[in-house]
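Both complexes shown next keep chain A, but they swap its partner, so chain B is in the first and chain C is in the second.
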Partner chain A sequence: MLEATLKQGQLLKRIIDSIKELINDANFDCNSSGISLQAMDTAHISLVHLLLRAEAFDPYRCDRTLSLGVNITNFNKILKCASNDDQVTLKANDEGDSISLAFESGKKERYSEFEVKLIEIEADQLGIPDTEYSVLVHMPSAELKRICSDMAILGDTVTITATKEGVKFSASGEIASGSITVRQDASADDEDDNTLIELNEPVSLTFALKYLNIFCKSASLSNRVALSLSKSSPLLVEFKFQENGHIRYYLAPKMENEGEENADDE
Partner chain B sequence: MCGRAACVLDPSTYHERVSKAIGSNPKDTEWINKDAYKPSYNISPTSNLPIVHKKSVAGFYKSAYSLLSESSLVMDTVCWGVSDFNGKSTINNIRLETISTKFSRIMRNRCVIFVDGFYEWQKGPTHTSPKKINTPKQTYFICPKQDGIKKEHPKSQHELLCMAGLYETKQVDSNTRINCAVITGPSSGTMFDIHERIPCILSTPEQISKWLNGDDVDLLPNRQVTNEYLDFRKIGNHVNKAGNDNVNCILPQSETKGAIDKFFFKKETKKRRLEFDVVDVDTEQVKRIKVE
Partner chain C sequence: MTVNSKQTTLNAFFKQGQASNNTKPTQTSTTPIRKPRKTKTHTSIFTKAVGATTLDIERTEPTTPIPRQSPLKKKLTQLCIDAGQSSLKTITCKLCCMVYMLGEPEDEAMHRKFCCGAEKSDVKKGKREFVRAAQSYVSYKGYKSERVLRNIDDSKVIVIGKDDSHHLRKKASEIRNHIDEELGVLSEVESNDSLTYLYVRDFKILGCIVVERIQRASRIIVEANLTSRSSDEDVAKNIMYCDTKTSEEAVLGVSRMWCHSQHRRKLIVSTLIDIARDTLVYGYVVPLSKVAFSQPTMDGKLFARKYIRVDTFLVYKNTL
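Right, the complex of A and B next:
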């Protein structure tokens, strides 16, 4: 069985809130080392990989590997019933058909319990190959969020070009075109404000801004974000939650001569 | 139910292929309203659909004509969707079971619809797995086996899928308009796991001829044929948007351009291995057995 308590329920609330636009249903795979989730969006353009290590919970107990399929929208609705400072406990039996959520307020004066029905999801587990990325950019997540929302004013796609001069985000559309360049800067007093660029090889790739802007909803989970780019590989956008886990988004690059239709959803 | 189809051959190839399928040749097969035919990967109800029906002959001569062979067949481009039995709405499918009760007015207006294939959306809860309460919808493209439609060779000699249908004629202003609907029956086999209904598929020239020339509704198909005859291809969601009309509609999920799947590899599912110590009663030796 699974029993896991998160002291800061806010973390789970924010995680689910940030992925709800991307995926409809997903399996929480639970084992003794923690809880993970891997899912593709409905259009199969991006992949989300979430990991919450056992250390993120106190206590954490999971005797057997469990796969708990949930509808993310419904799960999010239930989590909205928890306050930000509530302690959240997840419980599931080995053969059960539901997951139970318990929210306890900081002063313990309020205790709520919910049972969410599980669903059966047939999804292949995808293996993620180890890639040596050509460029690695560590930057404040708020800065990436701002860049992506600014670029979305101009067009549907952004071209990320990394050279030794810096990393340039450029977009163009009917009304205007523009670019934002970020450069290496390690001088800020607060380490979180630094921008660090590791460049092995210059690279230039184009991505759908719609997805990047959805990824940036995770900026509330971490002050820092890491972008990893490599030619003919998906873009990796990673937000780490201290040492206790991460949420990684993989986004397929736009191919040359490709129309906009791929970004269409139902 | 069948509410989306693909028919991508250019008019002349389509004309030739359909003529051949009905045992005729293109010169002898008239195609009424040919200009209205537009090849499409995403044909939805209310748009134009090419059909084959018997030449409509007024009044007295009608019975005489029905004695004629298939040479009285014509191709026609018509609107997909007939009036409901109460005339209040338009429907794109007619249930096989209700033809004689609800659609007796048009039950003799037989037609067949040749397409490359049709689309179906699998949804839950399914009859096979009641636990599925809200599983994600999987879209399928269903076409005759062989090579189906290939991206590189849309004109290759693949077999067209022939569905049985009924049509109605309507007088709109001074023009006669023809509308058609696809007949569906209960499904079986693989199709049953996707959807409980399937278009009535005519897989041989005899079945086509029997349907078009017969009077009996019971003649309709033979659904045993579907599993060996049809290819069920998992595709992406590109077709969901009626405006999307390109080859991406029918491509397998993993081949859709820009798909993230191709960057990753499928993990093999781990088998759980259990080990037991068993005491052999005769020899009293302890054996360890493994079960996967």
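Right, the complex of A and C next:
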């Protein structure tokens, strides 16, 4: 039996809205410590790991482990029926075949209830190995979002190069090429605006912007984003929401087949 | 402004005559510095591509970066995440039993080609639905000289032997090849003494057995842990042994038995073997204990057990 109430329903709305483009179906794994979701896109290029700790909900009750398989697109449609300031309550029975969603408006003048049919999804719980990353970048999420959308104008891939000088996002395409470099900056008044770079080893990796731009939809969930890069491991993009959980995206890089003799950077 | 001025300077190198008019008013103190730099990089490429992009071609900017960009794009290959997910491993098609990798375009194309060419993936709905539009049937239009052994409702059972007409024998070998492909048997040997029994309905062959007269067959040794109550799965998985040194007398050897995948469990093959037992030897019904099978598949093993109604059955070395 699961019963979880989220005071700010928009959190769930935004989460689902930001992952809906990546995954079609996913299992919400609920246990006493919280709700988690792990899914991969159909091409196996990216992986989403969502964690909502029990503390994010008030109240939260989950007696035994439940796996709730939902179609994200349909789930998103239902969640669209909730206003941003609605309180969202999720309920599911141990043996039930549906999850019930209840939205209560802030002034309690409106109460809506929905039941979403669950689906059986054969998904295996993947163990994500803890990786020592060479580069760790903490930056404002809006900044990353802007960089990615700017780079998308230029081309469909972005090369992220982290050196002592800073982290350079560069892209080139038919119309132009360009780069944006972010540097360490801890001087901003608001801590959220700081850019912190921890560099152990210079790294240069190329990624598909299509995926990064989908990840950046989660920028509305958190002011800060952490990028972790390491050679020969996927990029980790992490958005934390107020210590109550996180959404992590893993993205496989694009690799070059041949040498770099033709690549010219301007 | 700066972007504009850049573009005009870029254009300048495509059509120098025209550009000089355009650039003059916009030229600022900074452009002369940029200009020589650009000339170096762009002219070098420009001269390379000069054959294709002559000066007469319209002033379209994309012409220059294309030779530059395309080799770069080709080099990049998207990797995928391997966290041990089962969907990344090979899957076995339920229809054609082909083992292939999901998500690997080459494999999927090959499988689509193999799986009767009828697997349709519904990409729009985001689902991979395996729809078998048209099952491949071997057609049987009927021949004048065919020997109909029995009519069962709207179906008929036909036997084709070595004395039958060329057309019938051709049909028999056609279905044989079809079966061999599905069973995964490789046989090039053309056998003469075999009889092919066909189960035909609506001009389509639904089931087929190929039988022959044999003298001796060996009884399989069933593992001790198998009882008559063992589930089908256990039986199918259990490895069979047989002792070829000891043999028993046998009469009917079932070399191939096959039924169309959509018509299984409808006693089609049982009917065919029943008829074969009646008709193989004139005036003599071959008892169940004298029916032997060639090396059976997993499904064949289950069938043989059910048909013979004893845990063990006879197998013989298939010569066909």
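Throughout what follows, the second predicted complex is superposed on the first by the 257 of 266 C-alpha atoms of A that agree within 3 Å, B and C clash if a C-alpha of one lies under 4 Å from a C-alpha of the other, contacts with A are read in each partner's own complex, and residues count from 1 in each chain.
The working rule: a residue touches a chain if its C-beta (ideal position, glycine included) is under 8 Å from a C-beta of that chain, and two chains touch if they have at least 3 such contacts.
Because the structure is predicted, anything quoted here is derived from the model rather than measured.
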Fit or clash between chain C and chain B when superposed on chain A: clash
Touched partner set for A:Asp97, first chain B, second chain C, both or neither: first
First (chain B), second (chain C), both or neither touched by A:Ile119: first
Partner chain in contact with A:Thr206 - chain B first, chain C second, else both or neither: second
Chain B versus chain C as contact partner of A:Lys254, first or second or both or neither: both
Touching partner for A:Ile45 - first (chain B), second (chain C), both, neither: both
Touching partner for A:Gln242 - first (chain B), second (chain C), both, neither: neither
Which superposed partner A:Thr157 touches (first chain B, second chain C, both, neither): second
Chain B versus chain C as contact partner of A:Glu174, first or second or both or neither: second
Colliding stretch - chain B into chain C, listed as 8-16, 80-88, 152-160 or 224-232: 224-232
Shared chain A surface residues [contacts with chain B and with chain C]: 24, 40, 42-47, 122, 124, 126-128, 234, 250, 252-255, 258, 262, 264, 266
Residues on chain C engaged by chain A in the complex (per definition of touch): 41, 61-62, 65-66, 68-69, 71-72, 74-88, 103, 126
Touch list for chain A against partner chain C, complex: 24, 40, 42-47, 73, 122, 124, 126-128, 155, 157, 172-177, 206, 208, 234, 250, 252-258, 262-264, 266
Chain A residues within the chain B interface of the complex: 24-25, 40, 42-47, 71, 74, 97, 117-122, 124-129, 233-234, 250-255, 258, 261-262, 264-266
Sites on chain B touched by chain A in the complex: 124, 129, 131-136, 236-238, 240-241, 244, 246, 248, 253, 256-261, 263-267, 269
